[in-house]
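Presented sequentially are two complexes of chain A, the first with chain B as partner and the second with chain C.
For the complex of A and B:
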């Protein structure tokens, strides 16, 4: 995986401090939103936990890091755009949707068709870590995102999720 | 199997559940194997450490444990293989089932289609159409014959017209004919001629009558009657008047020379009539008409020849 190239503003200290002037702050928010999405897509990050250290939010080279308030503000901006979702009411965990649920669903459907898995059964774990999806964008998909994407497919009548005898084996049957 | 059959909900069968269970089992076994690998690696590490510490016995024991783990790992390999095998068996069986179902549906469709056509119906249909064809052929033959008959008749009639017209043109210049011994000839002729022949003699009477009266009108009248009346005896003219004329011997206007030929013709005519009457009794109406037509044609031909001869006898 190639190294993620940080944008120029990442090395400017002011960008790690919330700007008081409205226009400047809006520009700052815009830049950070784009950076978060790009970064998460590159490293396949699905969930950002605000209580834990997240490499993107701190630049050791210039000894700066975002305050909790700034992080929440930036992620909140993404949530407002529909590109992220708070996983709890306290806004500690944020699900980053650098690809929308619908797009995920379509991606899975495409994968199913390409691999002749219509009418086939796959376990959710298989989709996430199995040999079939290895090397595709789907590999390593967040379980929450996967389940929601499959629910979209379920509504379209293209898939059905079901549980096996054991609690941890969840499966999905496709029908393209 | 296509979008047509899949309702909004995808059906999950027991087979799907079995596949899921097997796949989950496979995943668990793989995880277990990874776990074993880690343990094996650790045991090796521990053995190395123990050897460094000159604890050979302990090292040997660790290596034995490692060996056991490796054996276990191999067993897990076999298990995974078994699971994989069963998965592919299920896959094959379900494909076979799908193929079988499709074939069954196809077979049923064929049967349903065949059920709609019974052998008896087909046979009956073929017989019917053969009958229809035969009937058509017969009709064609009959119609064709009729047409030629009519053609012949039309041609003959036209020929008659032409001849009569031409002859009459010449006759118009002929001076008035003297009347002599009209009774003599009928006496001579009548004993031979039967009653039915008398009827048939009419054409002669007509022809001879036509000499005195307007010839053209007579011809057209004859034509008109020919068209609508297929019954032979009544063709030439009204019966009563002719009969009356014949019996009373009211032929004073006729030429004596003509009469002699007329008597000869009457014999011919009688023979001709006999011929007509001897025609085998035709069953079908079409045939009947045909017989009548041909008889009539022959008669009208005879009539033509008669007229001709009578006219010639004048000169």
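For the complex of A and C:
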């Protein structure tokens, strides 16, 4: 996979200190929001766990890393914008929506049409890791995100989910 | 004011803060305000009201604080004074004092010797709340002491020496208090014993002995110290000049010694308020006059410390310069707060953190911000940032004040901070100018 190119200010120490002055802080938050989305998109990261080390939040070259407060603030700003969601009340895990659920749904629909899978059946695991989606954006999609995108399609009447005997053979029937 | 009474009041200089500039060896003795000055006899001139009158060892100085002008009467011109009469009338009215001056052709004569008549009488009407008694007593004392004559004598001696013992002493049929010096014999004509290297050495030795004597007398008791204050200041000044000259004479001076010299020089420099404003001399005008004297005094320390001085430092410097007449921190703060209402070139400033400083009005934050900008744009600073002490060194400020400037610059959005392992460092705020949509390309 192509190496993500960090912006030059990633090596600027103040970028890693939460700025106390309002205007500066707002700009800093914007820059972090953008960086988080781009980084997650590049590496297909769907969930950031604040309790674990996340490579983006520390820069060993300049020996700086974000404080917990700063991480929570930046992710919270993404949540407020609808581009992320807290997965728990204590704000430990955050789902990053670098592509919105609607966009995911449209992407799946396009894939279905391109591959002649109208009226076809696929398991969720096949969509995530199967040969058909290999090499497309859909490959490796987070299960939570996938289920929610399929539900959007379901509401439009373009797909129907069904449950198998085990959780790993949940399936979907497209009807585009 | 000099325009008002031509020929009677000599124009007197005022400092930037509106205090009179004293002549060499002159010491301010007493102040009284709200004085109305009239001219009883002599040329017809309008009287003026509400003057601040200062009596020093050499002059009576009248200051008009509104127009920032001042005029003075040399004490040598005073023929006699008539203190206010103590009777029932004066008990109800404002006390008046008459001062008769030596005069010549309708204007005041510098000394009794050249006067032909004594036809000018100045009347001072004390309209203020405070009693003028101490003022009148002091005026009597300084007229008695005749300090100005000593100076005149010295001046004569010096000018005689400079013309190599030429014609000396003007023969005058003087009268009155100022005729003594005329009969003083020429002190030093060209003396064979004073010539050549031996003469220089002897002169040097004499000077040393004199300084030693002064020192011993001065420290024998406090009162003597006060009266010797002038000589002490002179001695300090001489030592300073000597020290300044010393390094150029000795080529191989150890670095240690040099810094020591520097310290002594700084110490000696700050000895120097010959005539401190005191509660005794200024009375009700104490804080106001103190404010003005302080404003004059801090000018040099301000220049040295980059236009800003912590109040604590100012307090120490000011009191050290005042010597024995120490002031309390409350008095200092009160004096500083008066600055807002009088026209002086300095101001008190309170930072958001609560640090109080004195800064000159010409000092502007823009200049500091420019210098900070240059500082943080250096490649080294772009990588590592600057600390308060870095800024202090570059701006010539105390670290605490430099930090205030850094924080102020941060507030303006000029700088941003890095709170890393090695403490708080400041960087140029490149974040604020970034365009988010372009920053990632």
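The rule is short, and it goes like this: the second predicted complex is superposed on the first by the 175 of 176 C-alpha atoms of A that agree within 3 Å, B and C clash if a C-alpha of one lies under 4 Å from a C-alpha of the other, contacts with A are read in each partner's own complex, and residues count from 1 in each chain.
Here is the rule we use: a residue touches a chain if its C-beta (ideal position, glycine included) is under 8 Å from a C-beta of that chain, and two chains touch if they have at least 3 such contacts.
The structure presented is a predicted model; accordingly, all values stated were derived computationally and were not measured.
Once chain A is used to superpose the two complexes, chain B occupies space next to chain C without a clash. By the touch criterion defined above, A:173 reaches chain B but does not reach chain C. By the touch criterion defined above, A:14 reaches chain C but does not reach chain B.
In the superposed pair of complexes, A:133 makes contact with neither chain B nor chain C. Between the C-alpha centres of chain B and chain C, as viewed from that of chain A, the superposed structures give an angle of 130°, to the nearest 10.
Using the contact criterion defined above for the overlaid structures, shared-chain residue A:125 touches chain B, although it does not reach chain C.
Once the two complexes are overlaid on the shared chain, A:157 sits against chain B while remaining clear of chain C.
Put simply, the nearest alpha carbons of chain B and chain C end up 40 Å apart when the two models share chain A.
Partner chain A is touched in their complex by these residues of chain C: 384-385, 410-411, 413, 416-421, 425, 427, 429-432, 434, 436, 439-440.
Remark: chain A residues 119, 121-123, 125-126, 130, 154, 157-160, 162, 164-166, 168-169, 171, 173-175 touch chain B in the complex. Remark: chain B residues 1, 6-12, 16-17, 19-21, 23-24, 27 touch chain A in the complex. In the complex of the two chains, the chain A residues touching chain C come out as 7, 9, 12-17, 19-21, 23-24, 27-28, 30-31, 34-35, 38, 63-64.
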